[in-house]
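The following pair of complexes shares a single chain, chain A, combined with chain B in the former and chain C in the latter.
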Partner chain A sequence: MKLLGSGIFKGMAVTLENFVRSYFDRDRKHHLFTKEYAWKSDAPADQLPARADTTVTTRSRNFPMLLHDGKGSEDPMASIRCVACQICERECPPQCIFIEKEYDANGKFVKRPVIFDIDISVCMSCQICVEVCPFDAIVMNSEFELSNNDRFNGLLVRRDALLKSNDYYHRIHPEEAQERDDRMAREKAEKEAKQAAADAAKKKAAELAAEKAAELAAAKPKVDPAAPTATPQ
Partner chain B sequence: MIDTLIHILALTAPVAMIFASLFAFTTWLERKILARIQNRIGPNYINIPFTKFRKTFGLLQPAADGFKMLVKEDIVPHGADRFLHLLAPILALVPAMMVLCLLPFDLPFANESMKRIHAAALDNAVLLFFGITSINTLAVFMAGWASRNKYSLLGGMRAVAQMVSYEIPLVLSAAVVIMAVGSLSAQKIVAAQSTHWFIFTPWGLAAFFIFFIASLAETNRSPFDLPEAESEIIAGYFTEYSGFKFALFFLGEYLSIFAINGLAVTLFFGGGNGPWVQAHPWLSCVWFLAKIFGLIFIIIWLRGTVPRLRVDQLMAFAWKFLMPLSILNLFVAAVALKVQQPWLTWPLCALVLYAAAHGLSRLQQKNVGPRTYQYAE
Partner chain C sequence: MSTAAPIAAPPYKLVRHDEAEAGLLEVSMGPHHPSTHGVFRMDVKLDGETVVRLKPVFGYLHRNHEKLAEGMSYLSSMPFTDRLDYFNSMANNWAYALAAEKLVDVPVPERAQYLRVIMAELTRLVNHTSLVGFFLNDLGALGTPLLYAFRERERILDLFEQASGARMMCNYFRFGGLRCDVPAGWLDRTRALVGGFPKFLDEFEKLLCENEIILARTQHVGVLSGAQAINAGITGPMLRASGVNYDLRKVDAYGIYDRFSFRVPLGAAGDCYDRFMIRMLEMRESLKILEQALRDIPEGPVMGNAPRVFKPAAAEVYGRVESPKGELGFYLIADGTTKPYRYRVRPPSLINLTVLEDLCVGHSIADAVVILGSIDIVLGEVDR
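Up next is the complex of A and B:
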């Protein structure tokens, strides 16, 4: 026979234990999950992404960013991965991406975006753009300090603000970035191997053709060695 | 005449102000305790404006919340009854403030002449308390009806059913104390407990349990927060309230928690009685508040523990469990007061009450078996 109301008292004992242990447990890591905000009161605005390194888990994501492979102070547009194929623009469920292709003076498409805007007031952080991108050019950022006084222009992130180096990506999402790099390297190696195989096959075919031609050439003189007029024009 | 009015103001205004400021502290306390129960930190830094000092343990959170409430837009739904929509939060707050003045809360600076004309040292304070708090039901239903929103109306209807039902065990359990003291005056009830609090009697203990559970339901606190069940009906009768009107509701809710716990302290915990009060009379109000906050801690602790009841469970609990038990407790108390032999009354009363409670709970569980699902598997 259970004591009346013992279930409630048992539950209350559990919550009281959690309450007390959250204050007095020496090994707090297992009892308080909150990661506190790293205050840097005098940090300039351009250092804000560094905060994301320290205060956000490697699994967090909020809005997309564009990747480039440049190092240090190189021009990010020189090594931008995006080729302005506009797949993400078409797949984006809330339609928050706007892309315009870049053309050179002759009107030739140079496979770079001249405009790449993401309206983060519309973006729903679904990551579909990341999944559809065949060039690994767009990934999720974990920067969270995005509050702004200008609700129209301030929340429309332009291409140059979206561009982040692969090193930054490695810093905020190390495992995911490593995985992506490994996969890209593997795919590249596979492609090269395929290319090499194709080249080899081509070479072989060419060799075969040459051999055949040589054979033919060798056979021809037997048939008609002294007939230069027979060569095709 | 003017003198009397000034005295009345001098005695009631501080009471209202003390509890209104304690309300802010209580919201902070609630957030902190709930956070710790869930292994979180809770509010822990709010910037002091125009400074870089932010390690305030979150104590400024209520001020920030209050400021936010004040500057928010006041939205009245299209088609709502504008007058009743405005009246409801006021009607929720005013009774709570009125009953606070009925509590035997002795201000430290009140001298004898002030006490004599104490605005609310009435002979029928407990009766008036229940009379005034029942206005709260009307305010809640008014809010639900005037909002012209189905969630609000559902919340209001739930609130009426709940508050009317739980008022009966509430009053019946308080009646035990009134029976023992023979007076409805809060001051006399406290005086009767100067040596022996009623919580230390078997019928007092049982009555306190019933009173406490019913008071949770009266103030719409978890696990009886069905009228504002946010996972079911958004916020119940609060749904269409914003800005200052919502703040008034919120304040009224917490003030009625103070009031009803103040009454519990008066009835069962000896009011302001406690150690060293004889030597230092000013300690009386400190003890009173400390006891109230002890009960509030238990309320918050329960909120962090117990899930919400279902509507039918709620009504069954009031009518089939608490009400028979509180009626039985009246008889038990009558016998115990007549016998006046602690060594006899304690085991006897405990046995009778426990057996009754156990039987009632078994009776309610008779049809409760393993749940069968028709579609889900």
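Up next is the complex of A and C:
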């Protein structure tokens, strides 16, 4: 017969062992299990996490951002990738994207969004917008300090706040950004090759047609092209 | 003073609904009771401390998941499945992907199959560690076991974040594969975790499994017989704790589960203690599967040639997996458009919860809390 209560003491021995070990176990002493997010609001914006013990990885995602290809202080809107096709707006599961297209003075669609709002309080960081965008224009940011004092405007992120450069994207998600760039370059090359092939084919067809016309003209030299078909006045 | 005419008696007889049960105390536990794991209410009628009637009331967390899914494309519902049972987003993803893959025939590459198994089994570890922690918390072992369990869970969630970008709402599975491959070194980190996990299980068992208080509180409490479990449609660890050998990983062998050797632990008594121990044993079996999967995983792509626009022909399908809580199924009716005509979830938690009254009647109110904890519910899934 087992001593009543021995199970409890066994359990307590485990607790005691854990307590003592927490002072000596390297893993536990220097590596807390609950970690802080890397970005503090006092850190400079656009900066990579400096802390070593962070959970933020190069894949962490929190909120979308819009990409542009500009460098330095160039106007990001000049190279914004988004063409306001509104696919992401339609596909976003909680419907938190709002886009309005930009028109020039003549009322012509210039393929840029004039309004691109995402509601932080609704977005669920699901990345569906990133996956459906055919223009690689929207990707996930891993900034986690998004709390705000302004209940209404502060939670609605506007286009200009969403715009981030491709360089920034490369800094926070290097592998993914590289993969995306490579794929874009490949697709562009393929498209150009296709275009070139199509152009060449067109040119060849045109040349062939010209040759044929010349042959025809040579075969019937006596026919005056204007005379038989001339329409009466 | 006005002399109003006396109100005429109604033409029917008024009966107080508790007239027949005079002397009983009606207690409404929840919806914000810490032991109900979310917003769930139990209407309990007590005779002294003994439960005489119990009515589960749910629906507080209803989010219209099914109807929402009928209004959006197939892919857009995937992130919502994460939020069904927010402890096992990967298993939910898999069930939905499995159903959708039956609609259009997209082969899943070999590496993706292995990664799916790895993710699903890691999810099972996450779920069961949390469950035993919360269960012991309900028993009154406040804090210590829960935090030991969460320490391990934390490491797995870190792995999930490294792979999918999010700790809990992974949204990682796609129709025909996975969203992306795991990063370099991830498999080695997972191997290290799997290698160290039995040590935690040993420690945890030593900590509590022989504890006399736990034995006294859980043995012979909330007994569910095998026949009753089958009749009520109970699935998962709860069914197996009652001694019924039914595990979809064996029965359906979906994915590539037929390639792994593992056992299905079964309980004998069907009481709370069995339900608790069965989870401890299942974790050990999950580790076995993980070891084999991590040993055999091949290189290669993780995404098949899925169509860019998911537009299946009209069909009806049902895909189900053994989620850590039981049989999780998705029933889809496609009508040839990009949106499902009908989207139905069979949530294991909800169906396992239906026997709550049978388990609780005759036990004290404190035991009702323990029994509820042993069922393992997540209200996100119960209410959808």
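Definition applied: the second predicted complex is superposed on the first by the 166 of 233 C-alpha atoms of A that agree within 3 Å, B and C clash if a C-alpha of one lies under 4 Å from a C-alpha of the other, contacts with A are read in each partner's own complex, and residues count from 1 in each chain.
As a working rule, a contact is a pair of C-beta atoms (placed from the backbone, for glycine too) under 8 Å apart; a residue touches a chain by one contact, two chains touch by 3 or more.
A quick note: this is a predicted structure, and the numbers were derived from the prediction, not measured.
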Inquiry  = Per the contact definition in the header, classify A:Phe19: touching chain B only (first), chain C only (second), both, or neither.
reply    = first
Task = Pick one for A:Glu145: touches chain B only (first), chain C only (second), both, or neither.
result = neither
Inquiry  = Going by the contact rule set out at the top, does A:Asp182 touch chain B (first), chain C (second), both, or neither?
reply    = neither
Task = May I ask you to decide whether A:Glu211 touches chain B, chain C, both, or neither, giving the answer as first, second, both or neither?
result = neither
Request  = Considering only touches as defined above, state whether A:Ile8 meets chain B (first), chain C (second), both or neither.
outcome  = both
Message = Contacts for A:Asp167 in the overlay, against chain B (first) and chain C (second): which applies, first, second, both or neither?
response = neither
Task = On the superposed three-chain arrangement, identify whether chain B or chain C touches more chain A residues.
result = C
Request  = Name the residues of chain A shared by its contacts with chain B and its contacts with chain C.
outcome  = 4, 8, 11, 14-15, 18, 33-34
Task = Can you check the complex and tell me which residues of chain A touch chain C?
result = 4-8, 10-11, 13-15, 18, 33-34, 55, 57-61, 91-93, 124-128, 131-132, 140, 175-176
Residue ranges of chain A in contact with chain B within the complex = 4, 8, 11-12, 14-16, 18-19, 22-23, 31-34, 36, 39, 41
Inquiry  = Help me check something: in the complex, which residues belonging to chain B touch chain A?
reply    = 33, 36-41, 44, 52, 54, 301-302, 304-306, 354, 357-358, 361
Query = Where on chain C is chain A touching in the complex?
reply = 68, 72-73, 75-80, 82-83, 144, 148, 150-151, 154-155, 158, 161-167, 169, 171, 179-180, 183, 203, 206-215
